[in-house]
């Protein structure tokens, strides 16, 4: 029975990671309609950043995580500046930035592969590898840490979109680019910020998951697929959807492996099957977007 | 008097609570030019789209050449001889003008795909024939010198001519024009009117919806006037212009001045 | 432009080359021909029919694994295994095409990407049937009609495959079907108004091109005499996409150029950057999308148009729009 509750904690933690990745997609997709395949690679970059600063340079965790987050903010901004801005402003077809980002995905991955080699690199956990027991729920320190950080991020994101003027301007751009521009909203800044923020969020996911899976140059694509599946399940309309989708995905994955006697290799198929099913049957996801308020 | 080519019987369409078109009886004969006018929101576009097959009617029937058009997919209308142009030109941007027109011939292709793969002489001849027919049509609408041009370089008026050539390529029995004069200069309008007359002279039934009164009244042989989804008048342009309900519908703003 | 004589000449020349090459060079030549074959069919799907799919290598894999399983595990003679494999490829392509083509743009890309990954998972977990992560190896092309197709003779088979694929996509492109594919991509509403059944056009395009990939896979199976999951994964799918974009999407010549360039480049670059040629490809991809979306073929045409303008070259005849 303990098993069951441990599984809940671990699935929640995984769900949080997927949710963060889904949020990263969402932050970029809402104002620009661009799907950035490279979020997984961003997570990978942050994981390697964590390796460099925390394992290799042995900085204290808080400082290291902050630095990596700032770095990822920059990476997000840079990605937009290099691969996206020109295309969007030229009025290129929507496929173009997606393809350019695909190219960037490969560039990021190869840069890391060249710099760090093919072997996985360790990244430390925030509070070490101990276990915590909260009543019935038990799990690693890192799992709880992940959950706490994720909740904070999502609260922040929700607050930003619901309560702040800047957040409303994002929504405005999402609904109608031209109208937003005519109202004085600086499109460039919104786009740059959305990518930068998305980079930070994806980076968080990367550095939070890295202690369990190690930083590896191939870790990007699976993360990207899981993140996108979470997004599709939850629906693009709402921030909460990203987290919901992530949790549903993680629970489906881990409970299938544990209780359905499915070999772990085949369990990797669970997000894929879910993604295909949702795309075919319910592409708008589970949560409907907010209706316009009067 | 032969049977009409197109017949609408009691045609109607609702969108939720809104009755966009109701109880519409209309017909067009082969070789005839029918104009459909009405103020904004009169249901012209809805009617047009039902005849063109892009929306299904909620009530009533459409009869084309003695056959009922029921439950057909949009792409099946072209095969039955109903071709249309679009008010906001919709060319195929990645193809040349000639190829654009050749797409119009899609329903007239007679040879199966395996012959294409095998490269049979029959399919090659048919392809060459199609290309030359497309060139003829481009000539007919006056784009003969532009066949090698990129679609994106065409002016709006030229794009309109391409729409017409493409629709003609489908060997229509009935051709539908969606506000063809919109956005054209005066001289382009004249040329357009001439083209439409020549199309009708070939025995093709023509139905056009139009806001430009001057253009339509000079061109159409018969006019039907819609208002609030219903037909309020039908007759020659002269008759319709005198009709009290028509005048009322336009609040006396029937513009018969020459197109600016 | 391409006549029977042209194909015959190409067949003879390309086959003659096969007889002149040593073992190592033959391997490179065969793989190059296979990449060109795949690029041609993928170019039709992506560049002409406008479907962003990542499933091409999956069908390549289905063809390869199918023929190997039929021959080595079901012990079917080649004369039976080949048509059955082709049938399997067509059916698999159709089965995927029907739901997949309901999706557009990015959703199609994701669904096919998931499908591709799923295929790899199934291969890895396939136990004895698929050989698991190691795949299947140590088999040979069985003799046909008493003859053993080896060496240059098999290379000729690949040459014929490539030319047949070229002929197929070329002819389809230049026909009412090719125009219907482009029309359905450019403006589905207008296409439907002209009588194009957009849905079945999409299904047909996906099915034909994926089946072509499957047939190429069937031929590939006997090149290395080994099939394993990693070959049919996403890496190669991305590479294929890069080839098309860099060469020039929508143009057959572009597909060939892209395939040759990206296949040959690693050999030339390896003294400089070792195995990290993917970095260069990724960069070129980004540059191509940003600055020259028409690819290298686009560059060539701009040069041609430039020399037309200065009177050094005659303009295209009407209808001769594409290479």
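Here the chain labels run A, B and C in written order, and each chain numbers its own residues starting at 1.
Please note the rule applied: a residue touches a chain if its C-beta (ideal position, glycine included) is under 8 Å from a C-beta of that chain, and two chains touch if they have at least 3 such contacts.
Note that the coordinates shown come from a computational prediction; the quantities given were computed from them, not determined experimentally.
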* Structure fact -> Overlap of the chain A and chain B neighbour lists contains C
* Asked: Chain with the smallest distance from its CA centroid to the overall CA centroid?
  -> C
* Between chain A and chain B, tell me the centre distance in angstrom, where each centre is the average of that chain's C-alpha atoms. => 51
* Structure fact -> Distance in whole angstrom between the CA centres of chain B and chain C is 41
* Separation of mean Cα positions, chain C and chain A [Å, integer] -> 33
* Structure fact -> chain A contacts chain C in the complex at 35, 82-83, 86-87, 92, 94-100, 102-107, 109-111, 113-114, 221, 225, 228-229, 232, 263, 265-266, 268-269, 271-273, 275-276, 279-280, 283
* **Residues of chain B defined as touching chain C within the complex** => 52-54, 73-79, 83-84, 86, 90-96, 98-99, 102-107, 109, 113, 116-117, 119, 123, 127, 130-131, 135, 147-148, 166-167, 170
* To do: Can you check the complex and tell me which residues of chain C touch chain B?
  => 4, 167-168, 171-172, 174-177, 179-180, 182-183, 185-187, 189-198, 204, 250, 315-319, 321
* Structure fact -> chain C contacts chain A in the complex at 52, 99, 102-103, 105-107, 109-111, 113-115, 117-118, 121-122, 124-125, 234, 238, 241-242, 245, 273, 276, 278-279, 281-286, 289-290, 293
